[in-house]
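Sending over a structure as structure tokens; questions will come in a sec.
So that you can tell them apart, the chains are marked A, B, C and D in the order they are listed, and the count of residues begins at 1 in each.
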Amino acid sequence: MTNIGVVGYGYWGPNVVRNLAENKSCKITSICELNQEKWESIRKRYPWVNITNDYQDLINSPQIEAIVITTPVSTHYSLAKQALENKKHIFVEKPLTDSVESAQELVELAKCNACILFVDHTFEYSPAVIKIKEIIDSGQIGKIHCISSFRINLGPHRKDVSVISDLAPHDLSMFFYWLNEEPTQISAVGKGFFHEQIFDIAFITMKFPCGAIANINISWFSPIKSRRMTIIGSEKMIVYDDMASIEKVKVYDSGVATFREPESFGQFQLSYRAGDIFSPRLQRYEPLAQAVNHFLECVRFGKSPRTDGADALRVVRAVELAEESLRRNCSV
Amino acid sequence: MTNIGVVGYGYWGPNVVRNLAENKSCKITSICELNQEKWESIRKRYPWVNITNDYQDLINSPQIEAIVITTPVSTHYSLAKQALENKKHIFVEKPLTDSVESAQELVELAKCNACILFVDHTFEYSPAVIKIKEIIDSGQIGKIHCISSFRINLGPHRKDVSVISDLAPHDLSMFFYWLNEEPTQISAVGKGFFHEQIFDIAFITMKFPCGAIANINISWFSPIKSRRMTIIGSEKMIVYDDMASIEKVKVYDSGVATFREPESFGQFQLSYRAGDIFSPRLQRYEPLAQAVNHFLECVRFGKSPRTDGADALRVVRAVELAEESLRRNCSV
Amino acid sequence: MTNIGVVGYGYWGPNVVRNLAENKSCKITSICELNQEKWESIRKRYPWVNITNDYQDLINSPQIEAIVITTPVSTHYSLAKQALENKKHIFVEKPLTDSVESAQELVELAKCNACILFVDHTFEYSPAVIKIKEIIDSGQIGKIHCISSFRINLGPHRKDVSVISDLAPHDLSMFFYWLNEEPTQISAVGKGFFHEQIFDIAFITMKFPCGAIANINISWFSPIKSRRMTIIGSEKMIVYDDMASIEKVKVYDSGVATFREPESFGQFQLSYRAGDIFSPRLQRYEPLAQAVNHFLECVRFGKSPRTDGADALRVVRAVELAEESLRRNCSV
Amino acid sequence: MTNIGVVGYGYWGPNVVRNLAENKSCKITSICELNQEKWESIRKRYPWVNITNDYQDLINSPQIEAIVITTPVSTHYSLAKQALENKKHIFVEKPLTDSVESAQELVELAKCNACILFVDHTFEYSPAVIKIKEIIDSGQIGKIHCISSFRINLGPHRKDVSVISDLAPHDLSMFFYWLNEEPTQISAVGKGFFHEQIFDIAFITMKFPCGAIANINISWFSPIKSRRMTIIGSEKMIVYDDMASIEKVKVYDSGVATFREPESFGQFQLSYRAGDIFSPRLQRYEPLAQAVNHFLECVRFGKSPRTDGADALRVVRAVELAEESLRRNCSV
């Protein structure tokens, strides 16, 4: 039974806390939340938990073995650092931090202090995303040419971070998980409708060593909500629509056949194939429950988490590059 | 009754010919088509038409007043030039030509010879696109922040032109028609899956003088077909789904309200509004029939067409800039 | 602060309890649940609540003013009767009982004992259903010709009741609420796939005094889930798709115009009108929260609930008639 | 090369004529059409065809071997009878006639005169419908429990026939083709909005000897167009959505497993299975082209058509029974 302290009961915190509360291998000891208006709600649901507004209560508690950090990104570095220095395992909301430098420091520190550093890239624990990884690894879709992602909806606009820092880590962590590599080139265009430096909409393009190109279209200002990814392989194509209630993942056995025409001296010929469409049954569980459970297992058995520091770092690096490109493109 | 000659009965030609045949104010005199396998099909449907494989028959015919050019882009310049030099009015398939230079020369030539130069940007004659123009011009959607377009489907891959030259003119002509201006900045990333220089998929981003940004996502390699545009205004949002059978255009009365909060010294406050959704009834006609009819009217009454040389030039210019950017980005 | 006892923490009970717990004008005193495996879950979430397996604890408690009955239908009559005899107000899950006779007795009893009898026809508290009522009452859709409802999905099959008793009360209560009358004729066909008398799929047809016909298509055996109602009026048509995330209610300004052609001696002429489509913004709240709140208000202020005994009775009557028809049709 | 005469160039006639014109094994000799306003359109497209307003020209022509009857249902019997008496093969639009008696007479007559009697139940030639037949016959969906069909849209209202006679033959011919049997029981409810005896909307229910029940929901008064059929088998379920552009047929590997629980003395246990979804690639051709071709083959080689008199008769019989039930239910 691992004793857990949680810091931050704002937007995502209540979801993590609910999943921790339902997991039998841990106990939430304390929750640190500065906004006292939220205390009553915590007290009503989790009457056994200590509530505090002093983070020191968590990191100094000898009882608490692991700390869950679900606060705004800008505070991650400082809170995580203090926790690691006190030899607490940490579960940090994505993205790990807002700079490569600070993220690297945390990864180092976790290693030195033999602490688990888990970053909550929840999608990597989703049944659909794992199924797609299996399909890709099976080789059946062939060489990956292109991945596109649309993650657009109406609000909520964040005052403190751009849409890239807020939404793109989801797409980036999935891309890197599937392709198992980082991009060699990232560029982005975008626009902040209300504050010039806080982008509300952005288009990110990437190139990967394997030859794949990728596109992310993210927005807080779309009248329709869409969460759709398309993976174009040389043999098959996958569409992953996270808004679909049943057919979230579809594999299209259609594509383009290419063959070398003898008489045309090496010129390729193309022909389109329409094909069967297959939608695999997915397991049904809440990804966050799986993430929380994996974290707790890593803590108990000293395993390295799937979404560890290295996993988190490449996402932070890509966000940083995309935002640099965005600012460069905007000053033109 | 205007006598018409048509050159090119390949992919799009039969559609134009069908619309000409149904229009009572013109008569198709001759069709020039090099591929003699298509002659029987022409003969069966339009037994009164002369068929030839010599373009000179068309431009030298004193009877023919106007020539419809529905051949591959690479041939437009030469065919159009000869027609204009023989004082024939021309209807040219989009894009006008494959370079700004040649397009400009044709525009000049048409002017000197007092000929109508009509470019078939068919979408500008579509009920949905015209309705959106009316909505934008009425001011009800406010200032335009962003336009996105997805024009993706499976095939047909063209051997001779990139997806940009083939598909993007549709989006570009609509964007310029709606915004009534040209972009100040265009960049593009893409990939040719089979021939390095013939792009099969591309992401184009643009900035406009009015402050709007725009994104075009075009592909010949998508398992799902999508023809969707989204226009984000400061007051309302429009979604135009050309694949929808009934609700092609939807106006979302939702958005983001912004107000200046007195005590915070100029800081803006945002609040999201959900709202009614309205889908206007659209007229039902074939855009190409309308385009053909408009061309014939311009010929008869000496009017300047809506999709004239200037309209066509800005599209050719944008395609050229996008392709330059694409090649630059690819050589990185 | 009204003290509440709840009997039945099975399928729907936890939802009602959650809404009661979040309502500030009541307090859940006791929960009676026979299945002791559920006790821990209750204790964890609502540690202040007494848990019992003896219903007498609830009806004999002087403290408890109102009882929420969320048990299987077959037990409603007996539990409700005991509560009313002990002068407790009651909130009963739909349908009120499984026979008109027993339902009538409860309505009588509630009246005699001056108790509130509230039946949880939740849909009558839904923003979409209330908006549709407003639209109908405004007269804009004209005379109602026809209402259809599809309520189909995969499972859960109930062992004890037919799909009619389980699902149709939703449709029936909406139909009667909108039309404000009961049908004059009800017939049904159906099939029990596993037990001949427990129907898993049924088609119900009805005629109303106003001239409208209605159709309900309900099933536990559909691979796709659908919750769609269509209301055809002489002037406009409404589609209510409860599965839609945003445009749940759409009003189609299309229809059929009819006019009397003078020369044809009274023969009607028809012409179809395509028209605008309008999707009104709906309020966003959980219907059950609104139902619970309305019940508590009725208890506090002695008001008669919108979904009172009379409302419940007409639903029970229709279910009884449909099941009679079903058995008659099956024995043919 | 079979010489063909066509009678009726109204609503469906032009489609059949177009397919005949494109088929290389026949020649359209004459078209009989009473409405002379349509003659010019015929002349323009098919200049080699004789046009007449006298049906005798067709049946008396020694040259014409087969007659295509695409006129209103009420005229089928008389026109078909004359053709058969003159030993012409016939292709008749569905339904064959408007009464079982007259249909039987034609079937007899065709047999005596050794003429092909082909009824245009076009759907039986559609790639989707044939694929579903294959799936059913393979046994993989198990025993069929239920078939539902929705064939609803806005107009066109027919003055002369009810929605049952106009639309239901499509569903009925598919049901009978798939199940290979006729229903033992048919009932219907409906409503005529403008003429009491011409039903615009109807709900038909059926029972089949194999135990399956079926439901048809047809309407000319629906704001949304739907062409969806669902087949519920004991092992799998099929959804056929004819409006879908790609995934017209989907096979759901989900369902209900049933097993006999030993200790409960024969009581069945149920458990739901979610499963994979599979959408088979369909061939792409126009069903009517296939139907026309099959007819011409039958004429040439003296084969019995798949949609012969017997096929047509069971549809006419079902329509007659449904309309009788409708009138009976309406007079209540």
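What we mean here is this: a contact is a pair of C-beta atoms (placed from the backbone, for glycine too) under 8 Å apart; a residue touches a chain by one contact, two chains touch by 3 or more.
Treat the numbers as computed from the prediction; the structure is a model and nothing was measured.
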| item | value |
| --- | --- |
| Partner chains shared by subunit A and subunit C (touch criterion as defined above) | B, D |
| Chain at maximum distance from subunit B, centres defined as averaged CA atoms | C |
| Distance between the centres, which are taken as Cα means, of subunit B and subunit A, whole angstrom | 39 |
| Centroid distance [mean C-alpha coordinates] between subunit D and subunit A, Å | 52 |
| Residues of subunit B engaged with two or more neighbouring chains | 224, 246, 254, 274 |
| Partner subunit B, residues of subunit A touching it in the complex | 145-146, 148, 154-157, 185, 187, 189-191, 193-195, 201, 203, 205, 207, 213, 215, 217, 219, 221-224, 230, 232, 234, 237, 239, 250, 252, 254-256, 258, 268, 270, 272, 274, 329, 332 |
| For the subunit C and subunit A complex, residues of the former touching the latter | 21, 44-45, 47, 224-225, 243, 245-246 |
| Contact footprint of subunit C on subunit B as seen in their complex | 246-247, 253-254, 274-281, 284 |
